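The same chain A turns up in both complexes below, where it pairs with chain B and then with chain C.
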Partner chain A sequence: MTYAVRSATVRFGDTLALDDVSLEVEPGSVVAVVGGDGAGKTTLLRSLVGKVQLEQGQVEAPSSQQIGYLPATAGSWPSLTVAQNMDFVGGIYGLSGQALVSRRDELLGRASLLNAADRLASQLSGGMRRKLGFSMAMLHDPPLLVLDEPSTGVDPVSRVDLWRLVSEAAAAGAAVVMSTTYLDEAERAASLLALDGGRMLASGTLQDVLASFEGAIASTAIPHRGEWAWRRGRGYHEFWSTAAEIPLDGAAVIPDLEDVVIALSLLRGRHRELAS
Partner chain B sequence: MRAMIVKEFRELRRDKRTLAMLIAMPLLLLVIFGYAANFQVLTVKAAVVGPQATEFAASLPSSFFDVSVIKPSDNQGDAKQLLQDNKVDVALVTGQKPVVALVDGSNLFASQATVSVLNKAGDKVSSQIMYNPELKTSWVMVPAIIGLILTFIGTIVTSIGLVRERETGTLEQLAVMPIKPSTVILGKISPYFLVASIDMIIITALGMLLFGVPFNGNLFVFAFGAGLFLFVVLGLGVFISTISQTSGQAIQTAFMFLLPQILLSGMIFPLDAMAAGVRWIGYLLPLTYFTMISQGVMLRGASLASLWLPFLMLTIMAVVVFTGATLRFRRDLAPGRRRHHVTAVSEPAAGPTGIEARSGL
Partner chain C sequence: MTSSGAEQVRPAVLLRADRVGRTFGGFIAVEDVTMSVRPGEIVGLLGANGAGKTTLIRMLLGLIATTTGDVELLGAPPDRERRTHLGYVPQGLGLYRDLTVRENLAFSTQAYGAVQPELPEALRAGADRLVADLPLGLQRQLAFLSALAHDPEVLVLDEPTSGVDALARAALWDTIHQQAEAGVGVLVTTHNMKEAEQCDRLLLMSQARLVAQGSEADIIGSTTAIAIRTNDWARAFAVLNQAGQPVMLAGRDVRVADADADQVRAVLADAGMTAEVFGVPATIEERMMVLARAPEAP
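After this line comes the complex of A and B, so read on.
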């Protein structure tokens, strides 16, 4: 069963939050939605879970009973303990008794939170809170799991843990859609969707996105055109329309996802300027 | 220093609620205290019964006694009934010497003024204060304070409880879960309803124990009135939560609702003594009607039938406030369903649900 948002347009007042954006996710796979602040990631995820109404377009998603959702905010009730948070969500989804206890302990065990079961959510570290939020979203074993920036603000070790949990969920058959600002996370997903200003910059597998990139990236110590360059390591990377345009002091590099997303964002910004 | 002052002014300019409190509140307090802060009752509603009712009513100073009932055929029992039903503040029973003046002590300031005027008549009139013979302030205040405590829990505590969900972002999570907005609201307010009810029982019992406040009426009538009133104030709490983003804002707004109730409900200043311009505000406040019920039941032993007006007003308020607040809360919880026309096509349980929307549909 494929879940999707097709040609979605969302407007908040005068602001066009999403403009003809599409997303598709298969069971057993992870789709990463990447983009900077205000790119439209959260709006797209909220559209998928039915929280935002589309001006145009179509959403194909299961009922709320079959969706697990981790919002970008806390994701848990701070004045409840870890176990109480799980029990509350279990109650909402109709889980009770031994079935709830088994499932709860299994998920808390996987998230290394079993020893913290009696701690208040407000007393957990940021990473532990996100893992709790993930476990709560997974409690009812939903076929569609929607995670809004699960790893933002989380320490590197907890990020690894979270990715393991996400991978396990996908391996168990869940269709996972997650937004992230980390491009290395997006590279690990089965497919990705890059957004900028509510529009699609690129979509598909990592290989598709890299292969469809038109232009050339040069590594240089001093950029020739500041508006087309960005820092990478100790030097800069600079976008050129073709490899032939790269100056002699620049060295052509094989673009990675970060290069492609930044270059496409710059191109889109230039198009917008020209249009206005 | 300059930067700090400029920053503070900029923040203040954007904080409309604090700005309103700074500018509107002093004006409001000035107007309210100017026109409402008056303990002096200038006229009282009176009834005259007994064989010489007509003649005696004509002899009463009309500037003070607003005689609305003159019934020569009625007796002392009928007069007491008029007082119990709160139709008059004083009932004068003729046909005996001296004339007996039955004064409603549950209306403290009116009764004090009435006794003062009647004392001038010397031994022609014998005053008998009903329901609060020693004219104790605590007897009148305790029933009103029960309402104030319910208002406090209903508005401030409930609104904070709901706003906290918004502050922590868990409201968004609830919105995605398979739980109806009405279930969320009922689940949220039920504990407050229970806590407020327990508080009410404790305060009532303590009031009776410490101050000797009587409970002359029917417990069920009192409980029914308190339940209705709780629905109104809980509805206000839900409403406040829908117009507040933070706990601080909720507290600020709740106080804006609470302060007029304290000042204009007749709890402190008698409604009859207020200027007509502010008195009508008092008649829009739920605490005004709960105080009528609590004082009526506890002190006068008033029946449900005689309290039909405050019960009707609280019922209307409960329906209007609770429905309005619930609809606003639902809108917060399910914004998509509010703003747009959605065609949701349910498919078999295991299958997906298609949600489609087209512009202009």
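After this line comes the complex of A and C, so read on.
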């Protein structure tokens, strides 16, 4: 069973939040939705879990009982303990008694939260709180797991932990969609969807995205056209339509995901939109 | 802006910590850290939460005292006067969310007695909007502008690019590089390991100590990683995870940091799996994970 959002358009008042965006996820795989603040990541994920009305397009998703959803904010109740948060959500899904306790402790163990079971959620570090939110979304073992920025603001070590939890869920057969602002997480996913201003910049496997990029990137000490260049360390990378256009003082490089996403954003003329 | 008559000789070292330590009660937050930032240099400070980064920064700025060792800001112990040569962008940005862009800038420049800078094109259209209503990328640009208006000699940036997209991140790094090229010394923390390449030098803290410094290769040090390619990543992942290996998914490959290739092969063979097992360069994150898993830093 493939879960999907197809050709979705979403409008909030005058704002076009999603413009013809499609997303597909297979069981046993992780799809990363990558973009910055305001790119449309949350709207797309909320569309998939049925919390946003589409103006156009279709959603193919299981019933809400079959979805685990971690929202971008909160995800747990600050004034409840870790165990109480889990028990409360377990109750909603009809888990109780020994079944709930064993499932709860198994998930908290995987998330290294067992020792923190009696701590208030408000007293957890950011990384621990996201792991708790993840564990709550996983309690009923859903076939579709939708995680909105589980790792934003989380330190690198906790992010590795979170990524391991996400991978475990996919290895056990779940279809996982997660949004992120980190390009390296998108690179690690089975496939990725880059969003910018509510539109698709690129989608597919990392290899697909890199291979389908049309244009050339040059490494240069001084850019020829500042508006088409960005820093990579002390030097610059600069976009050209074809490799033949690269000036003599530039060296063609094999673009990575960061180059491709920046170049595609520039091509969309987003720098002009920002100013308006 | 610095008045032309008060042209100062820039000290050779802008920020310095010499065997610095800090305890809070019985808790050791920073232990025996020696580091410096020179003019024109971008130094990246890496580490997990609780590694001691923020405590070190607060000591360097003179916001809290050291328990042991000495810190210097612009060649002397940090004080109010010296802090006026400092630009600081905290993680929370330090903006007044219920003031407009223009009002925020007026307030911060007046506090430093600086001339109000012209708004860049991207912020001009939103000059009279409340900061709370701006996209995060523009909020970050405004926080930079406020921190730079008084021509600081040292910039301290805590997670300056968190949450913004690749293009906005590139614009912020352009500003940081411009400052460094004008001679400003920059100390920057980041959780985005992709940004390590934007720094001239890296410092890695773990469990209160400075455990590595230098280039990305110096930070990764002797940490190794192994990639495993099979036609069933999920099973390889599950088998290695079960065996207690610090396993990670990477596309359709599985990676294990700091592991023995033969041991990994044996675990997979026991499970009846055929796999291609080969060494790959470790990442900074893997180095940090290995450090975090070690019970005590060596």
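Note that in this section the second predicted complex is superposed on the first by the 269 of 276 C-alpha atoms of A that agree within 3 Å, B and C clash if a C-alpha of one lies under 4 Å from a C-alpha of the other, contacts with A are read in each partner's own complex, and residues count from 1 in each chain.
The rule we apply is simple: contacts are C-beta pairs under 8 Å (C-beta built on N, C-alpha and C of every residue); 3 or more make two chains touch, one makes a residue touch a chain.
All of these numbers come straight from a predicted model, not from anything done at the bench.
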Item to check | Partner chain(s) touched by A:78 [first = chain B, second = chain C, both, neither] | outcome: first
Checklist entry - Does chain C touch more residues of chain A than chain B does, or is it the other way round? => result C
Next on the checklist: Taking the superposition on A as described, I'd like to know which of chain B and chain C A:57 touches: first, second, both or neither.
Outcome noted: first
Next on the checklist: If we overlay the two complexes on their shared chain A, which of chain B and chain C does A:49 touch? Say first, second, both or neither.
Outcome noted: first
Next on the checklist: Let me test your reading of the model: by the given contact rule, A:39 touches which partner, first (chain B), second (chain C), both or neither?
Outcome noted: second
Next on the checklist: Under the stated touch criterion, which partner chain does A:184 make contact with: chain B (first), chain C (second), both, or neither?
Outcome noted: second
Next on the checklist: Just checking: does A:67 make contact with chain B only, chain C only, both, or neither of them? Give me first, second, both or neither.
Outcome noted: first
Next on the checklist: So in the superposed three-chain picture, is A:170 touching just chain B, just chain C, both, or none of them (first/second/both/neither)?
Outcome noted: second
Checklist entry - Mind pulling up the chain A residues that touch chain C in the complex? => result 28, 30, 35-39, 125-127, 152-160, 163-164, 166-168, 170-173, 181-184, 187-190, 196, 205-206, 230-234, 258, 261-262, 265-266, 270-271, 274-276
Checklist outcome for this item: Within their complex, chain C touches chain A through residues 46-50, 121-122, 124-125, 135-138, 159, 162-170, 173-174, 177, 191-194, 197-198, 200, 233-235, 237-238, 241, 246-252, 284-286, 288-289, 292
Checklist outcome for this item: Per the touch rule above, chain A residues touching chain B in the complex are 1, 3, 9, 49-65, 67, 69, 71-78, 89, 92-93
Checklist entry - Taking the complex as given, what residues does chain B use to touch chain A? => result 168-170, 172-173, 175-179, 334-337, 339-340, 342, 346, 349-359
